[in-house]
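Since the structure comes first, as structure tokens, the remarks are kept for the end.
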Amino acid sequence: MHMADAMVSPVVGGAMYVASGIAATYSIKKLREEDNFKKKISTMGVMGAFVFATQMVNFTIPGTGSSGHLCGGVLLSSILGPYAGFLSMIGVLLIQCLFFADGGLLALGANVWNMAFYGCFIGSLIWKFIMRNGMSKRKIAISSILGSILTLQMGAFSVTIETLLSGITELPFSAFLVAMQPIHLAIGFVEGLITLSVLCFVYEARPELLWNKKEKIKKEARLSYKKTITILACLLIIIGGGISLLASSNPDGLEWSIERITGNTELETRENNIYETSEKIQETTSFLPDYTFKDTESSIGTSISGIIGCGITVAFLVGLGSVIKIKRKKEKVINE
Amino acid sequence: MNKIEDAIYQVHYIDNNSNNNNILNKIHPLVKLIISVIYILFLTSINKYNLTITLAMSIYLIVVSIIGDLSIKNCIKRLKIVLFFLIIIGIANPILDRQVVTFIGIIPITTGMISALTLILKGIFAIISSYFLIVTTGVENICYALKKLHIPNILITIFMLIYRYIIVLLKEVQKIWIAYSLRAPKQKGIHFKAWGSMIGSLMIRSIDKAEVIYQAMELRVFSPDNFFMKNQKIDRTSIIYFMAGLLLLLIIRFIPIFDLIGNVFVH
Amino acid sequence: MIELKNVSFSYNSNIEVLSNINLNINKNESIGIIGANGVGKSTLLKLLVGLELGYTGEILIDDMKVEKKKLSEIRQKIGYVFQDSDSQLFMPTIYEDVAFAPKNYGFSEEEVQNRTIEALKNVGIEDLKDKPIYHLSGGQKKLASIATVLSMKPDILIFDEPTIALDPRNRRKFIEVLNSLSGTKIVASHDLDLIYDTCKKTILISDGKIIKNGLTKEILNDKELLENNGLELPLSLIKR
């Protein structure tokens, strides 16, 4: 479910950074209020590494030949609580994006939102709600499965919206949704099964490690429950509003505005001058037939001559690079 | 489970490389981070039909790979996964967006084909650029750059700790997996009956380990607010690199310089 | 220098892990603490640095009572080397890990650097200073974790099972380094050969009580005493 950089436009990527940033700032504030937050930091670090390592494990799904994987948001928040869980998930996602190309720098905000926010915040809301009158194995099972499925559905839905808002696919909304949601229903179910088996084991072995096990739920807990719902609703409205706005106006509104800022027209006139002066050289050097795109060329910005020019530059640079490489190797040999 | 070995190898590889004595490695991490982010922003903001500029963005990558003597060999595996997703997303474009713009021979070229291609190229380029960033910078220096950008200390501390213990836990998982597979040779993954006990006990051990780490930290007066890193100054080379990088990016992104070069050859 | 008077401790108020411990350790002494698994050796060590505080009785380090408000002062005097080096070394490179404590105690940049380099020299691994921790072998990690506490120039060094998971050569190297360090040393281990090679005095603990406190030579040669308390004669003392 990791989104690559190419799947988000700068505006969508930036907006998701803002959303995730707000959630992270709030979490840090909440975490600092906890009595023993320093101790929690070491647990967050190690648990982040733990989630990362277990993501590499194949889990055989009974009755099928295939295997499933863990995402970890719900699991983390059932141990650490929403705030600490969310922050460690950010760390995990950053490592994944830098080291393993799962996601990307621009898409990080979106990925944090889609996977960490829902998994940790919604996941722990469900956990808290189900455990409000004490814990049992059955309740852990219900909470794990429900939490995983719901949060993955939300995540998948967000991926759909973010991709569509970025304007990179021609797929209509409904078709994309139909493709995304059922797959993630299955993925969520497996995630839930893994989460539940791990949590049940911990419940039997060391129940005190589970989040909220010791402390009774205080009255203020209700307040924060409401708060989260309100925040969520606000965000949904903002995102929803964004869709309708962008959908109604220019579909490539962003690119269009960037081109306007850079003053494309001005460049074109300058171009023409250079064209004229280079006309003579052109006649003698041209070796390719006159390819052009129909009248669409100017509007879409792709031109055959541009591609060829780029190709020649790339070839030149690659040649230059290999010459430098050979030289470096020779120097190395001489030095040794 | 090759994935675990791959991951361990990846971390080691990047760590070794970021300690190289290369020109790029010496550039201030903040400069490299900012240039990479600008590159990705420029790249992803290109109009989906604009193949020329998308292609032109490769110039930056080639230049960086020449300066830093980097190869993308190690990066290809990462590309595979992303390509798979991008192709799935992009595949609909040629089918749904079928306005013909030109012919190459008798094959019609449609806007959908162009947009699918730019999408895939953007994906590849973005990954290579962030790969170049991490491989020349290393996690520690990235953290330093993040600190300079006023990312909260708690987040950086957590990130550093995760990075520190990833190898420890990956090796642990590897041991568990080897012990498991020796006694269950025909299974490709872990049977569901063992899910809870295996991963659960690893989790409990991890939490216990965290407790000891906390004690070790506490004995040496830990606080996330003084989790320090060596101070680095932005030297002249870094400033030159920044200016040159920015200029190059501006040129290839906003000036149709390749149309000009191409026009020399195309009549 | 270290004084324990009638110290008892329990984790969950039901089972006493340590009961009625009385102990005096003088300056520059090296003391071995031996006993089978789970008799309370580690707990005793943790009490000394205040990692566990809910004890009864009195623990004095240089006439300072071990309590919450004195912890920072006490911990500057005592260096604690954990059993698992990976837990002790939490920074990405050795240099940063060794510099961690001096930096956090607010020494100047220059002083931090001097202390770090000196500590690394003392254990003989200064050439490894910029290496990422997971590139190190078990032996190197152990030496590095000693350096992390040496950088605070402690008066007292505490080692919890230091030779676990070390091969014979690294173990010998560790013993060399340990003997070369000055100051008070407390080593808890069931590697009795190690105690024999490094400590002059030994304390035998069983079931949370001090069974015997005396010269290492005497205690480690007492086969009956050792076997009664779940230990065996050191290999180097067994006549073949």
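As written, the chains take the letters A, B and C, and residue 1 is the first residue of each chain.
One rule holds in what follows: a residue touches a chain if its C-beta (ideal position, glycine included) is under 8 Å from a C-beta of that chain, and two chains touch if they have at least 3 such contacts.
On a predicted model such as this, the values are computed, not experimentally measured, just so you know.
Where contacts are defined as at the top, ignoring chain B yields the following touching groups: A | C.
The most distant chain from chain C, with centres taken as the mean of CA atoms, is A.
Rounded to whole angstrom units, the spacing between the C-alpha centres of chain B and chain C is 42.
Chain A and chain B, compared by their mean Cα positions, are separated by 13 Å. Taking each chain's centre as the mean of its C-alpha atoms, chain A lies 46 Å from chain C. Counting partner chains per residue, chain C shows two or more touched chains at residues 90. Each of the following residues of chain B touches two or more other chains: 11, 139, 160-161, 163-165, 168, 209, 213, 217-218, 222-223.
Looking at chain A, residues 42, 45 sit in touch with two or more other chains. For chain C in complex with chain B, the touching residues are 46, 49, 51, 72, 75, 80, 82, 84, 86-88, 90-93, 96, 100-101, 103-105, 130, 132-135, 148-149, 152. Interface residues of chain B, counted against chain A in their complex, comprise 1, 3-4, 7, 10-11, 14, 36-37, 40-41, 43-53, 55-56, 58-59, 62-63, 65-66, 69, 75, 78-79, 81-82, 85-86, 89-90, 92-93, 95-97, 99, 101-102, 111-112, 114-115, 119-120, 122-123, 126-127, 130-131, 133-134, 139, 142, 152, 154-155, 157-166, 168-170, 172-173, 177, 187-192, 195-197, 199-204, 206-207, 209-211, 213-214, 217-218, 222-224, 254-267. Against chain B, in their complex, chain A makes its touches with residues 4-10, 13, 24-25, 28, 31-32, 38-39, 41-50, 52-54, 56-62, 67, 70, 79, 87-88, 90-92, 94-95, 97-102, 104-106, 163, 167-171, 175, 193-194, 196-202, 205-206, 209, 252, 254-256, 258-259, 262, 267, 271, 274-275, 278, 281-283, 285-288, 290-294, 296-297, 300-314, 317-318, 320-321, 324-325, 328.
By the touch rule above, chain B contacts chain C in their complex via residues 11-12, 15, 19, 139-140, 160-161, 163-165, 167-168, 209, 212-213, 215-223, 226, 228-230.
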